[in-house]
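Two complexes come next, and they have one chain in common, subunit A, joined by subunit B in the first and subunit C in the second.
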Partner chain A sequence: MKFSDILIVGGGPAGMSAALAAADEGVRITIMDRWDELGGQLIKQTHRFFGSEKEHAGTRGIEIVKILREDIAKNPLIEVKCNTDVLGIYSDRVIAYEEDRLYHRMTADKIIICTGAAEKMLQFENNDLPGVYGAGAVQTLMNVYGIQPGQKVLMIGAGNIGLIVTYQLLQAGVDVAAIVEAAPVIGGYKVHASKVRRLGVPIYTKTTVKTALGDKYVTGAVLADVDDKFEIIPGTEREIEVDTICLSVGLAPLGELISQAGAEIRYIPQLGGFIPKRSESMETSAPGIYVAGDVSCIEEATAAMIEGSIAGLSAAIATGMNRPEAIEKRDEYIEELRVLRSGNTGKKIRDGLAML
Partner chain B sequence: MLEKTGIATKEMFEKMLPSAERRKRGPYVVIECYEQIPCNPCVTSCAAHAVTMKDINDLPKCNHDVCTGCTLCVSICPGLACFVIDETVGNGKIKITLPYEMSPLPEKGNVVDALGRDGSVVGKAEVVRVNSGKKLDRTSVITVLVDDDLIYDVRSIAVR
Partner chain C sequence: MRITDHPVLTYDHGEKVQFRFEDKTFEGYEGEPIAAALHANGVRELREHHGRPRGFFCAIGNCSSCLMEVDGVPNVRVCVEPLKSGMVVKLQSGSGSLMGGTTK
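Let's look at the complex of A and B:
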């Protein structure tokens, strides 16, 4: 059976950072991703990143992915397996995976799970009509394949993803009729909100979509006001003409492999749902199983990259590569993450982590 | 208002302006970043070291005595929140330098619609400079000439 010092499941920002950090310590790594290239969500993030220079702030996601891919390609200690689905992780750290339509098994000393998150769905009438998209799909169509998803879009959700994808729709020449947000205030960064506002997109808070209109595909939507309990206020319904409804109503961690590996999971709404309990070094309660990125806590890609570096270094250290410099480097990343979360926007994350 | 509509009020904007004396002296940056987010490219990009912050979560602070209005931060800010204003033009006009990531790009000499903070047309803008060099990585820096009473309003342009 094939063996690797460290197996990383998922080649997004967290997994790629984990691979690079661990390889720096001289361990052999296998990184698997079900997509045909490494990069995860970065491949469609055409906007410049926030954060600090150390984590590529001011650089576009699509450029960051090039930097990370190049560094990985140059590193002989990292083996990349794309188009590869990890199917199961068993108690003795035997990993089952499918590659080129064949079933394989391997073992690893340590495993880092960076499987990311899936988009949440929203309940409303006719939400299965063609023309109702998740924001991730819209971003993939536009920014990876260069296809406009529609001509006139209604965006549901004013978090950072809703605001950023709205901006990218405008850049792609697509009209965005409105952004609706059930909460009383805009959830995403206000600079993003200002950016789409000054290009003419209205933002309606305390508003939701009640119905998607159309027989064969979306031709419009019924909007309605909501009260403080997010219940629709009768009589406030009004129609809006759109051909696309784009949902960006949150993400849920893809933690199935973590559960299967036997790690303890807790429900922490502030962090996005079912979250693995883990130490500061990103190790779960299942020995040798580490996590990083959205699967461990729904957050920005900058945090995912730092978490990846922490998990990669921790796993490498645990394999015996425990030089003082490695430990020092890991502790620096832990401190960097703490600082990143120490402001106003990090409060929700801090509250959630305190509950873990 | 900002947290419900995405529009900063006039009072918020005016608090960001430098002293009257400084405004008469030449171009200066207004960093319209009103929310504490963990982000600091405005600080690290500033060649004059005019923009500072103690902690990455702080709001940027600009020392306008040091700021040269060079526009470096205009293209690097991920929030597109830096604008350079020059009130020394005269004839009832001012120059506003803004980040622009739409296509098509305007050309120098074009007269385009000036957009307010809600995207409505608030006047005409004459494009006096278009900087879209490779270094700017697709965030072009456009300088427009507008009426001086639109100092708070104009934050984008529409090239039709």
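Let's look at the complex of A and C:
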């Protein structure tokens, strides 16, 4: 059976960072991704990143992908398997995967799971109509393939993703009729909110979508005000004409492989839902199984990259490559993550992690 | 529907190819997802499920909203399946047949 020191499942920002950090310690890595290139969701992030210089602050996500891909391609210790689906993780860390429509098995000393997250759904009438898209799907269409998702969009959710994707829609020449947000306040950064408002997109807080209108595809939406309990206030309904409803109501971790590996999972809403319990070194309760990125806690790509570096270093150290420099480097990343999560915007994450 | 002028991005399209959708011939770029090519041609309804039209939703192969019949193979996730010249793409009704089986 094929063997690698460390197998990384998922080649997004977390997985790529984990591979680079671990390979730096001299261990052999295999990284698998179901897409035909590494990059994960970074390939559609046209905005510039905040955070630390080490994680490429000030650089656009699409540029960060290129840097990480090049570093990986140059590293002889990292084997990349794209178009590869990991199907299961069994006892003794036997991994089943599909490559070229054939099933294979391999084992690894350590496994780092970086499978990311999926778009959350929102319950409203006709939410299955064509034209109701996840924000990630809208980004994929316009930022990767150069296709407008529609002509007039209603954005649901005023978190950072909702605000950033609204701006990107405007850049792609698409009209955004409004952003609606059920909460009483805008969740995303003020700087993003001001930018889209300046460009004429109204943001309605305490508002939700009640119904998607249309027969074969979206032709409009019914909006309504909500009270403090997020219940619709009768009589406040009004129609808006749009051809696309874009949902940016959060992400849910793709934790199936982690559950299958036998790691303990906890439900922590602040972190996105069902989250693996893990140590500061990103190891789960299943020995030798590590996590990083959105699958371990819904955050953003900078945090995912730092978590990836921590998981990669931890896994490498645990294989026996016990260099003091590696431990020092990992402690620096752990501190960096703590700093990133300090302050107001990191409060939700801190609260969630305290429950873990 | 194609974006031709973008302040940040330039698009690296593959070769222009033709494919069939139902009884029509469409153009798309080789290698882009089938769903993207359909979208660029104004097609948003990809299948019918329990009598209701369905389009794509997640665009990363997770949600199964976009299953279509491609070259006779049902349940193809067209949001991640690359377009090739001459493909025959059909709306899928219901769960599709098992490969080698029949719908009735």
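The working rule: the second predicted complex is superposed on the first by the 356 of 356 C-alpha atoms of A that agree within 3 Å, B and C clash if a C-alpha of one lies under 4 Å from a C-alpha of the other, contacts with A are read in each partner's own complex, and residues count from 1 in each chain.
Keep this in mind: a residue touches a chain if its C-beta (ideal position, glycine included) is under 8 Å from a C-beta of that chain, and two chains touch if they have at least 3 such contacts.
The shown structure was predicted, so the numbers you read here are calculated from the model rather than taken from an experiment.
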Touched partner set for A:Q171, first subunit B, second subunit C, both or neither: both
Partner chain in contact with A:Q260 - subunit B first, subunit C second, else both or neither: neither
First (subunit B), second (subunit C), both or neither touched by A:G200: first
Which superposed partner A:F50 touches (first subunit B, second subunit C, both, neither): first
Contacts of A:R60 with subunit B and subunit C, given as first, second, both or neither: both
Subunit B versus subunit C as contact partner of A:G346, first or second or both or neither: first
Greater residue coverage of subunit A in the superposed arrangement, subunit B or subunit C: B
Subunit B versus subunit C as contact partner of A:V191, first or second or both or neither: first
Set intersection of subunit A contacts, subunit C complex versus subunit B complex: 60, 171
Partner subunit A, residues of subunit C touching it in the complex: 1-9, 11, 13, 32-33, 36, 39-40, 44-46, 49, 52-63, 65, 79-80, 82
Contacting residues of subunit A [partner subunit C, same complex]: 34-36, 41, 46, 60, 62, 118-119, 128-134, 136-137, 140-143, 145-149, 171-173, 216-217, 254
Subunit A to subunit B touching residues, read off their complex: 47-53, 57-60, 63, 170-171, 184-186, 189-203, 205, 302, 339-346
In the complex, subunit B residues that touch subunit A: 2-8, 32-41, 44-45, 55-58, 76-81, 101-103, 115-120, 137-139, 155-156
